[in-house]
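We just call them A, B, C and D in the order they show up, numbering each chain from 1.
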Amino acid sequence: MGSFKGHALPGTFFIIMGFWWGTKSILKYVYKKQTRTCYLSSKTLLRRAEIWEGVVSIFMALTGIVGEQFISGGPYLILYKDGQWNQLLGWHHTTMYFFFGLQGATHILCFTTNFLPLSLSKLMLSNAIFVESFIFYNHTHGREMLDVFVHQLLVFTTILTGLVTFMEFLAKNNVLLELLRSSLIILQGTWFWQIAFVLYPLSGSPPWNLTDIENKMFLTMCFSWHYASTFIIIGLNYTFITWLVKSRLKKVCTSEVGLLKNAEREHESEEEV
Amino acid sequence: MGSFKGHALPGTFFIIMGFWWGTKSILKYVYKKQTRTCYLSSKTLLRRAEIWEGVVSIFMALTGIVGEQFISGGPYLILYKDGQWNQLLGWHHTTMYFFFGLQGATHILCFTTNFLPLSLSKLMLSNAIFVESFIFYNHTHGREMLDVFVHQLLVFTTILTGLVTFMEFLAKNNVLLELLRSSLIILQGTWFWQIAFVLYPLSGSPPWNLTDIENKMFLTMCFSWHYASTFIIIGLNYTFITWLVKSRLKKVCTSEVGLLKNAEREHESEEEV
Amino acid sequence: MGSFKGHALPGTFFIIMGFWWGTKSILKYVYKKQTRTCYLSSKTLLRRAEIWEGVVSIFMALTGIVGEQFISGGPYLILYKDGQWNQLLGWHHTTMYFFFGLQGATHILCFTTNFLPLSLSKLMLSNAIFVESFIFYNHTHGREMLDVFVHQLLVFTTILTGLVTFMEFLAKNNVLLELLRSSLIILQGTWFWQIAFVLYPLSGSPPWNLTDIENKMFLTMCFSWHYASTFIIIGLNYTFITWLVKSRLKKVCTSEVGLLKNAEREHESEEEV
Amino acid sequence: MGSFKGHALPGTFFIIMGFWWGTKSILKYVYKKQTRTCYLSSKTLLRRAEIWEGVVSIFMALTGIVGEQFISGGPYLILYKDGQWNQLLGWHHTTMYFFFGLQGATHILCFTTNFLPLSLSKLMLSNAIFVESFIFYNHTHGREMLDVFVHQLLVFTTILTGLVTFMEFLAKNNVLLELLRSSLIILQGTWFWQIAFVLYPLSGSPPWNLTDIENKMFLTMCFSWHYASTFIIIGLNYTFITWLVKSRLKKVCTSEVGLLKNAEREHESEEEV
């Protein structure tokens, strides 16, 4: 992982998953709000999507593990060599990926069998994120100030994400909590990219001064901007999906929607009180 | 912001908003308690007030941003100049104001369209306050002891406020949580004024010794007194509004109130059990 | 407060209040569980007790304030003298007592008027305890190791108590949370006594070595024992009150209780599922 | 406790209890899900098991106390000897065991009498675990880096376990929270064994270098693996019990189950919405 690619890969994974989770939550919410009659028909579709989500999670985790272990001088699954630990940083990353893979497997089990509570998947996600925080927290011994700082922000994000996921697990079906989690996951993804650019500048760009306090103050602000940009991504996604669902519903069941719109307005005004 | 005015301005903004939020919460609560029949008539009024609140938020945020960027040698929207970061402290403040502006915009969207859940506005407020905490936390490198301490207290207040706002977002319609948030926002506002007086004493008054531990101990206590004074402000406001609503209702619908008062007493005794 | 009496006084206050709060919670719970018919008759009595509780709170707070300000060379209400702060430690304690007095006043207002939500009293209690934590946290600059440690444990207890009180405020009518708070308040009281004995040994006993790590380790354990002893106090109180209510009810309304006992057993088994 | 056995003993206790708690939770959950008619018949059995659980807890606590006090040069119940504290570390462990014994006693009282709320047992468990964290936190003065680190991880686990137990106490009947607690308790148990192997290597194996940062990084990862293994233990247990209950029910009441399976499927699809 000690390279540009090693940070860009998980960054991309997190952005994809965050975007997909956001999309899923918005779809469910908008659908439910617009219509109650048509909702049940899309259930089988949703269940299939959930299973695919699990498969993609496992695939990502395996890619990460293989990349860490076998590419560019990784530990090749050897933990202890010549009287000392063999490339523990690589093993750390392998462990993190493993927990995300476990979450993917649980997700599939939850949606294919009847025996497990559905919220188990959320609990495992929260677990995987907390384990990631824990390992990153103990990951940066003896590095330079800015290097430590950008990883601290990563730990900070993951702890927040883990907490929000855990809250979701307790308070089911709160769409805003789900979107908050998505935005935090996307934030984590874009921040991985930022770390890649800071620590391993592309050929041509000058290296960052890792001991300059001014850089730290800039990155503090930069982190906030990343966060703001996740709002914009999710906001645009929300607008697009709302428009899509509305226009599609108009075609399918015009008469029903007419009736439902009134119901909806009523519901809205109740909520307001 | 490195001046008396730069601290007095946000201080005033927070006091105004805190006072208005307190007033709104009390009005809603007292109104609901006194009567259920007359309540619905004032709904359109309330919705209009909410939209105006959003407009005022955006206006305040813009004022702050313009003030930070263009007044008395600000960065003039230039982030990087002559091989180094350009006035990052000013940019920090701009970022904070931006998030409060974003909250204002969301607030307007929530109350003018039907597509967004109303509690999104509260979530964005909590976000804006947390971002403020985060930036202030990384804001005071290499300053003197007392300067750091008064800003730490600010961070402390904002973290608490953010937590309370988040709780409000989860547990809707709890009037006391809303008042607690108002009092913390007012506290933040008056504390900004206190910081202004401590760090930039008005001409005539002697400067504070920024390394004296006695001053730190005094400011600890002073902070508690500020907090106590916010209770008094909100308490007086509560008394005034209760009196106002009661006397106004007496004129409008005397007969109805007679009936409702009994219902109210009953409700009260139920709550007690 | 820098004396044996200065610590024994608040200690005694907290023990009394903790014991009374425990008694009140147990009485309410046992009464409610044993009978639903007789309960309402004791309501006026309870309301009167609540008002008295507020009066006693205010009295205790005033005693504390007067003691801190006017006895044995206190600041005599003078904050600034001869170009420096006048006895800030005394003023700190005054501020703490003031917030508890405020809570007492709110408690009375809540139970004499109809305009305030009853849970406001609990919120103010939580506030008073948090302010106490905050001030104690900034209270021990430049003292010796063991002195700092025993005060840290105090801060630790008060933060926990504040959190539990705040939870009570959110989740109303949970008897075990109320008893947990009582036990933490009693713990705080007995710990004040322990501090008095450690820092101001009575004449005859040898002084404690304030820099010995062994003493710190003993006090850690001692703190746990204090906590265990609060369980025993509350347990005995619980047993006594249960017995009292049962025997008193047997006399008053024997036939009714016969019917209710079955209902109770049913309820119990429902809870179990 | 300063020996291999002193760490292996509590480790074994925690593994046993964690496994039993997991089994109990799964049994209850699977049983409830499969059938509602047969459930009540097993209630008496469950109550008896709860009482036995309390007895075993007390027995374990007593074993621990006796072991700490009287075996291999313990303090023999003498707290203060020759002008100094007598073996405080042993006394620390005694105190921890005592709180777990107290929990056992409360557990028995809750399930044999009608006077106590059932969730008191959970509150006492949370208390016992928090006291354990508190004592361990103040337990490792002046030890070597790795020794401190493995105990910090213990404190970390116990604080998390205490929080989860407290949440369980507030949000009753959440099977996943119960399993999370079980897995954390098992983690604590296996981690005690790990500590034993690290600090007191069995004869033949080389001692660990207690100041090597590489060892710390390995143990970080190792801790995560322990956590993952608790999932596997609980997962296997879950699968086994589900299979057992299903096959046993098939024999006993085939016709009923046929009816219930449909109800179950319906319930499942409701949950999904």
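The working rule: contacts are C-beta pairs under 8 Å (C-beta built on N, C-alpha and C of every residue); 3 or more make two chains touch, one makes a residue touch a chain.
For reference, the UniProt names are A, B, C, D = Transmembrane protein 45a.
All values derive from a computational prediction rather than experimental measurement.
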**OP:** Would you identify the chain whose Cα-based centre sits farthest away from the centre of chain B (Transmembrane protein 45a)?
**Re:** D
**OP:** Could you label the chain C (Transmembrane protein 45a)-chain D (Transmembrane protein 45a) interface same or different, taking same to mean over half of its residue numbers are used by both chains?
**Re:** different
Original post:
How many angstrom between the C-alpha centroids of chain C (Transmembrane protein 45a) and chain A (Transmembrane protein 45a)?
Top reply: 44
Original post:
Rounded to the nearest whole Å, what is the centre-to-centre distance of chain B (Transmembrane protein 45a) and chain C (Transmembrane protein 45a), using the mean of the C-alpha atoms as each centre?
Top reply: 31
**OP:** Return the residues of chain D (Transmembrane protein 45a) touching two or more other chains; collapse runs of consecutive numbers into ranges.
**Re:** none
Subject >> Complex contact set, residues of chain B (Transmembrane protein 45a) against chain C (Transmembrane protein 45a) >> reply: 30, 167, 171, 174-176, 180, 213-218, 220-221, 223-225, 227-228, 231, 238, 242, 264-265, 268-269, 271-273
**OP:** Would you pull the chain D (Transmembrane protein 45a) residues touching chain C (Transmembrane protein 45a) in the complex into a rising list?
**Re:** 39, 43, 47, 84-85, 88-89, 91-92, 95, 98-99, 102, 114-120, 123, 127, 131, 134-135, 138-139, 141-142, 169-170
